[in-house]
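To keep things simple, chains are lettered A, B, C and D as they appear, and every chain counts its residues starting from 1.
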Amino acid sequence: MTQHGTLGVAVIGTGRMGADHVRRLDEAISGARVTAVVDIDPRRAEAAAARVDGCAAHTDPAAAMAAAGVDAVLIASPGPAHEEALLEAFARGLPVLCEKPLTPDSASARRVLDAETRLGRRLVQVGFMRRYDSEYQRLKALLDAGDLGRALMLHCTHRNVSTPPGYTSQMTINDSVVHEIDATRWLLGEEITAVTVLRPTPSSGAPEGLSDPQLVLFETEGGAVVDVEIFVNCGFGYQVRCEAVGEHGTARIGDAHGLTVQAAGRWGGEIAQDFVTRFRDAYDREVQAWVDAVRRGGTAGPSVWDGYAAAVVCEAAVRAQTTGGRVPVVLPERPALYAAPPR
Amino acid sequence: MTQHGTLGVAVIGTGRMGADHVRRLDEAISGARVTAVVDIDPRRAEAAAARVDGCAAHTDPAAAMAAAGVDAVLIASPGPAHEEALLEAFARGLPVLCEKPLTPDSASARRVLDAETRLGRRLVQVGFMRRYDSEYQRLKALLDAGDLGRALMLHCTHRNVSTPPGYTSQMTINDSVVHEIDATRWLLGEEITAVTVLRPTPSSGAPEGLSDPQLVLFETEGGAVVDVEIFVNCGFGYQVRCEAVGEHGTARIGDAHGLTVQAAGRWGGEIAQDFVTRFRDAYDREVQAWVDAVRRGGTAGPSVWDGYAAAVVCEAAVRAQTTGGRVPVVLPERPALYAAPPR
Amino acid sequence: MTQHGTLGVAVIGTGRMGADHVRRLDEAISGARVTAVVDIDPRRAEAAAARVDGCAAHTDPAAAMAAAGVDAVLIASPGPAHEEALLEAFARGLPVLCEKPLTPDSASARRVLDAETRLGRRLVQVGFMRRYDSEYQRLKALLDAGDLGRALMLHCTHRNVSTPPGYTSQMTINDSVVHEIDATRWLLGEEITAVTVLRPTPSSGAPEGLSDPQLVLFETEGGAVVDVEIFVNCGFGYQVRCEAVGEHGTARIGDAHGLTVQAAGRWGGEIAQDFVTRFRDAYDREVQAWVDAVRRGGTAGPSVWDGYAAAVVCEAAVRAQTTGGRVPVVLPERPALYAAPPR
Amino acid sequence: MTQHGTLGVAVIGTGRMGADHVRRLDEAISGARVTAVVDIDPRRAEAAAARVDGCAAHTDPAAAMAAAGVDAVLIASPGPAHEEALLEAFARGLPVLCEKPLTPDSASARRVLDAETRLGRRLVQVGFMRRYDSEYQRLKALLDAGDLGRALMLHCTHRNVSTPPGYTSQMTINDSVVHEIDATRWLLGEEITAVTVLRPTPSSGAPEGLSDPQLVLFETEGGAVVDVEIFVNCGFGYQVRCEAVGEHGTARIGDAHGLTVQAAGRWGGEIAQDFVTRFRDAYDREVQAWVDAVRRGGTAGPSVWDGYAAAVVCEAAVRAQTTGGRVPVVLPERPALYAAPPR
């Protein structure tokens, strides 16, 4: 693969996210093509492969990675399958874009971290795609420029229309707030040191047994405080907002905008109904950035350390949900391979 | 009446505007009280007077102005009755707040102008209440401060929900656009020199025969161009906006704001449904400013010249509606009594 | 004093707030006049009295209340002087508008509560003026209408440009957050049951020793959670915002608006620099509502119970600042005189 | 070239727009690659070709179109060179994306129209890229859905920071307002039937001799009225806005949004400084849509008829600038090849 060659990608997992990534690589991303898809269900694999010219179907990730024309791997299978696929890619020296979570828990994330550390070079970009949203990027640039001074607080809002059957209070942390965990670490360039979770009387729109909404509070090593409203059955829309409060001013992203209508006594606009609409461009940018980095022979973006740190904070947050109290977060020393702060 | 004495006001006309002013003077304005009300219908006069402590009912404006305890006059009767009431007030040297229009046409407005000029001192404040709206005042202050440079254009919007029966195309000029005529003269401090009216195919929501909406264009003596969308059956709300385009930037007022709601897939807020809601505070400020000025022994605000100039522009605009072409506006020399530009 | 008579008001305290209320009653409020002013400094009292026609200067509140022409009392003296003045007014049966705080601590507030309860009728309106802000009122009306369902959370922001010398962390609660305490109780119609305070690393703009900003968390008897950012040296403006999160949607107030300028590569508007600008209309409305209620022979607005409950919550919040933990709030039974919920 | 084959594109012209399109096709567009670049300056052609793997440099468009690996042509050379390149592409049956203007005047545009009509199939997409802006697309969809009723008016704003040396009043029409001409025809699905141009006293920021700003007025065959503020030396930013006024409501696009900052007494955000920032995504979408259509064996988007109609309206507008009066627009019958209305 030369700098201008086309990157052959094996996509592992052809569920909702995987299928969307196949389509993205095929239709929207410059410089890459899908040469293999993997699904444990052979019919799903065949169906996904049939939509792309010159794409082979597999049921075994290792076989796909070994196939000719596979230069890189995009992992979009369920979380429990990530560790094995990541280690296989490490064994073959293949660059990986791994959808979040890195792995389902901190222990397995630690094993992946240790394996990549032993390898001595970074192969993995973790799918924390908010870092590729243009509004988040402008907020990050503004904070880094220093005009607002040090960031003292973040006020975050994370709302979903509704949850599918089987969605649990733990999943509000592991599947949803995990994005604010990474965004906090990335925007502030600091690790999270403690978590508290307040649980209001649940909304009548929340399924029986689900704590919804919740207020999740982070403290960081630099002494910043972050509050996150997570409300996964808010009913009215999908909404991700963040207001950074600096020493000299504040900056806010995520307010709806664009087409504004006046009719029937009201002014206003539509609210996105799902993350696909809200973050479509961010996904495109994320995958294009990964393809570009890999074609240049490098890697970039959220690292395995970021995936591991998120897993550790998630575990603390889930404990904080149960205890109602403040739960400290303890991270080991950061390996030299991930020396840079989470910027 | 000393500086701190209470101003006794005779309110002439107890229709919608008059009754509202009686209530305003009684409940919201400091330093004034209604001592007389006048209506040609004696029962309406009695009913209005009964609501206010110590207020007498009259059917004859002259009798009311002659009554004890009447220090000033607020004219809110129909336009054709204004001239006689104004001349009566001039004869008695009583300060007047006269609802717009000053009089129904430029000829009668000219007679009032000549009478006040002969009197040699200004007694009349004309009810162009937009000058008392806080947003217009901030826009005016910004333009006068000069930060945006000279004003090159104004983009104006004037929308009403619907019109009452009998409302004609001429009334869109004389009753509605007359506000933009005064606002243009006041904001820019220049007279209007020409008018053009474009008439799109009417909305299906407009009554048969009514040109609605229309685009009214003014040119000023300084070479500014002003466009006004007048749409009196827009259906969705009452809306008055103005964007001033200066050499170095623009400034905009009139966008709805305040309480913002997110629900059912939409964000936004309410739009006012009538001028009472939109301009309530402006009316309060206008009448308070008049009471304050009169108690200090002076007058202030829009003058008889402003009322006369508006009448002349209205007549040109009505001609422009019919001809479809550009109609010049010709004003006589401004009398020394009104020496100041229309600021 | 008849219904239409003018209410004679004694204003106690002629500092910043007191002087502003004297001006307000003199220039902006209908139906009232200042007949007496009180200040322990006789020159200040004389100076304030000299500005108002027919107004007497006093140094003793009791003497002022006993004077002819005094129908009601507005207390704007420092908090420690409130209790004595309130009890004196109770003894004379005079209606009172008492600036917040009712008294400086819950013990003295309890004594006032007991005194008014013994009196058997409500004479006091406490100066929680946010209830008179039009945006808060619209938010309250929207929540009461029920369209958004039960309120689950409030996200509040309270920012000041800077603090005067001597301002302490306790004062962030007692002088600033006390407004959010009352707003929470009023908007939700529920008592506060617990308080937690998180203290980020202070801004470099905060004076040595002041915890600024802070995140104050309330829980209510109905299980709602309220977060308040209090940042009294934010540097850029005075800002009070509130977003209510209901079961079916959210509503937000306090975003800056009005005149919007585009110039020099930026769009936007001004932020108010102090509460006088932001809440001028609310103060006018508050005092007018009080005057109107008293002239009708009644009372209205925030009660002594509201002032007492705020004092109890403030004391818990100050404890929570120190301990870093969650502090329960315990209120006694509400006396029948204050039977209505805090609506 | 199969459906999934990569489209080889010859880019003619490597100036600002051409170079940007080369980069776009190379880095951002899926399914295409630049196989040839053409510039009359051989060094510029070589320099552009050197940046892309496997791309040949040419100085003659015909030679480039004849080269192996060229499946389609993107014309980004100066307007006067378009006609010859288009006819050459027609001769070879190559699909073309032709930057606006189609050609510099209506006579040459008519020759291209006749040539494509004789060819009997559409090969050309004209570069009116606003149709690919997501806000314009949402506005178009809203109007087509009919919820707002028939569109009665459009209020358009088109502002540039400043003009390069040699920019003339005619160019305000031909280079800038031409976008509103196409947007009007596309949004309303109607031809323009008359043009009027009002010219305020120029801004002191405008170069000597340039009419700036201007107010351009269109009337359409359905009786809609469109006003366009064109202000190409506004100094503060690049801004394109459009408010559509329908019978039942209005819709507005183009207001700045995204990251909002509060600091130093002001709230607001940045305004884009050039069209590259404002319309980057629209250009990407335009070229991707063209590549996708051509790979499917078809064409789409603005047609040669659209380019021709724009040229006719531009010529009328330039006449209207000079005369100050209303200039009718006369179009011939639309050929069957372009039967669809301008949607």
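General remarks:
Everything that follows uses one rule, which is that a residue touches a chain if its C-beta (ideal position, glycine included) is under 8 Å from a C-beta of that chain, and two chains touch if they have at least 3 such contacts.
Just so we're on the same page, UniProt names per chain: A, B, C, D = Inositol 2-dehydrogenase.
This one's a predicted model, so the numbers in the text were calculated from it and none came from an experiment.
Simply put, of A-B and A-C, more C-beta pairs touch at A-C.
The greatest centre-to-centre distance from subunit A, using averaged C-alpha positions, is reached by B.
The distance from the centre of subunit A to the centre of subunit B, with each centre set as the mean of the Cα atoms, comes to 58 Å. A separation of 44 Å divides the Cα centre of subunit A from that of subunit C. In subunit C, the residues that reach two or more other chains under the touch definition are 235-236, 248-250, 255, 260, 262-264. Interface residues of subunit C facing subunit A in the complex, by the touch rule stated above, are 149-150, 152-153, 155, 157, 198-201, 203-205, 213, 215, 217, 219, 222-225, 227, 229, 231, 234-236, 245, 247-250. Listing the residues of subunit A that touch subunit B in their complex gives 235-237, 239, 255-256, 260, 262-271, 273. Across the complex, subunit D meets subunit A through its residues 2-4, 26-31, 52-54, 134-135, 138-139, 142, 147-148, 248-253, 255, 257-264, 281, 288, 292.
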